[in-house]
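Here the structure comes first, spelled out in structure tokens, and everything after it is commentary.
Each chain gets a letter, A, B, C and D, in the order it is written, and its residues are counted from 1.
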Amino acid sequence: MMFNVKLFAILAEQIGHSEVQLTLTAPITAAAVKTALRAQYPQTASVLADCLVAINQTFVSEEQFAPSEVTEIALIPPVSGG
Amino acid sequence: MMFNVKLFAILAEQIGHSEVQLTLTAPITAAAVKTALRAQYPQTASVLADCLVAINQTFVSEEQFAPSEVTEIALIPPVSGG
Amino acid sequence: MHYVAIAAQPLDVQALYEKLKAPEFGGIVTFVGTVRQWTDEIETQSLEYTAYTEMALKEMTKLAVAIEAKGANVVIVHRVGQLELTDEAVFVGVAAAHRGEAFKWCEYLIDTVKKQVPIWKKEFDTDKIRWGGLNDV
Amino acid sequence: MHYVAIAAQPLDVQALYEKLKAPEFGGIVTFVGTVRQWTDEIETQSLEYTAYTEMALKEMTKLAVAIEAKGANVVIVHRVGQLELTDEAVFVGVAAAHRGEAFKWCEYLIDTVKKQVPIWKKEFDTDKIRWGGLNDV
């Protein structure tokens, strides 16, 4: 199933887009999102290692989601506000 | 020797003046200033117990001063700024 | 009542401070982060902040609500866009009944904002461009 | 460069904040003490602050200079005169290279101002008049 995944900061710059489409199979997990991006864009591997995943605008680590629960996926590089 | 002594806050209110003249003999000390005020204005005794003395705009405790070194004496009730 | 925002325009420090004031809160502590010129040997010329705005607002709101529940007014605002030296990047303010709490909560909030709110700094230094939060690769 | 003052007029928080800004100092922490309505069961209606102005300025200057020597800009201003609820009584601001220092130094300064600068508060409460700093006699 295809999902839009939001990209930010250095990750968006490395890929040249602020959103990509990735194929993910149920259950959706943070690890699966990172693995799918890495497969399609190997140049992101080193940054991806430090990225978090947000599903529906909440950080997730080991949780599993049914595809129907997932309305928004984002990859969050190390934050540096302030 | 006569000295002008500055009074502030509740002490000034208790005496009704912001400055009094006290007779002090050399050497001038913080304790002597308080004793002289207490003798002349017994109503200040309880507040005086918590007052500090500033000579030449510096807090002093046990120091002794020659009269010629003393340009300004003040009695400082417990401070409460901020 | 808390106020959180991601701002594309310069921060109005006075207006944000005014939002904190209340008769029940006598101690107001604010933190402002401004663009600093030097970090050790590195000289910064300007910064660009970007945000995952919707999620950043959600995270900032969670933080503000949790502190306000203890008895406080909270303001958290972060700039995005291009910033020059001394421009305000972030404003965090806490008004509380007593100053000890206001200091503690304000420092906690800025520490936490820097750790977990999805905002990113791109630093235009005199030698090269750096992304904040990453090791200098 | 430090700025200290005893002010007979309302504090201009924005102007005092602006004095702190500098390209070398990225973290600015300010404390503002305002007139609070309630202290436990006691309701305050207004305050009057008086100062031993010359000595207060000397004490504030000593404090500011000592902190600036560590690497900071410092502003300390205290109001005198009649103040109403939410009026600003005191402004203490520290700009430093890093925020941890700015928080620590700002809190130290307001703690120390309250302990040793000759300024007095006369509190007009709904039940009676109280002098700050004294046990409630």
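Keep this in mind: a residue touches a chain if its C-beta (ideal position, glycine included) is under 8 Å from a C-beta of that chain, and two chains touch if they have at least 3 such contacts.
Small disclaimer: the values here were computed from a predicted structure and weren't measured.
Colleague: Counting one step per pair of touching chains, how far is subunit D from subunit A at the shortest?
Modeller: Minimal hop count between subunit A and subunit D: 2.
Colleague: Suppose each chain is reduced to the average of its Cα coordinates; what separation in Å results between subunit A and subunit B?
Modeller: One centre to the other, that is 72 Å.
Colleague: Please tell me the distance, in whole Å, between the geometric centres of subunit C and subunit D computed from their C-alpha atoms.
Modeller: Here the centre of subunit D sits 23 Å away from the centre of subunit C.
Colleague: On a C-alpha centroid basis, what's the spacing between subunit B and subunit C, in Å?
Modeller: The answer is 48 Å.
Colleague: Find every residue in subunit B that makes contact with two or more other chains and list them.
Modeller: Counting only residues that touch two or more other chains, subunit B contributes none.
Colleague: For subunit C, jot down the residues that touch at least 2 other chains.
Modeller: 33, 110
Colleague: Strictly by the criterion at the top, what is the full list of touching chain pairs?
Modeller: A-C, B-D, C-D
Colleague: Touching subunit D in the complex: which residues of subunit C?
Modeller: Within the complex, subunit C touches subunit D at residues 13-14, 17, 21-38, 85-86, 97, 99, 102-103, 106-107, 110.
Colleague: Can you tell me which positions in subunit A touch subunit C when the two form their complex?
Modeller: 6, 8-10, 46-47, 50, 54, 57-59, 74, 76-82
Colleague: If we count contacts the way the header does, which residues on subunit D are in touch with subunit B in the complex?
Modeller: 33, 49-52, 54-56, 58, 78, 89-90, 110, 113-122, 131-134, 137
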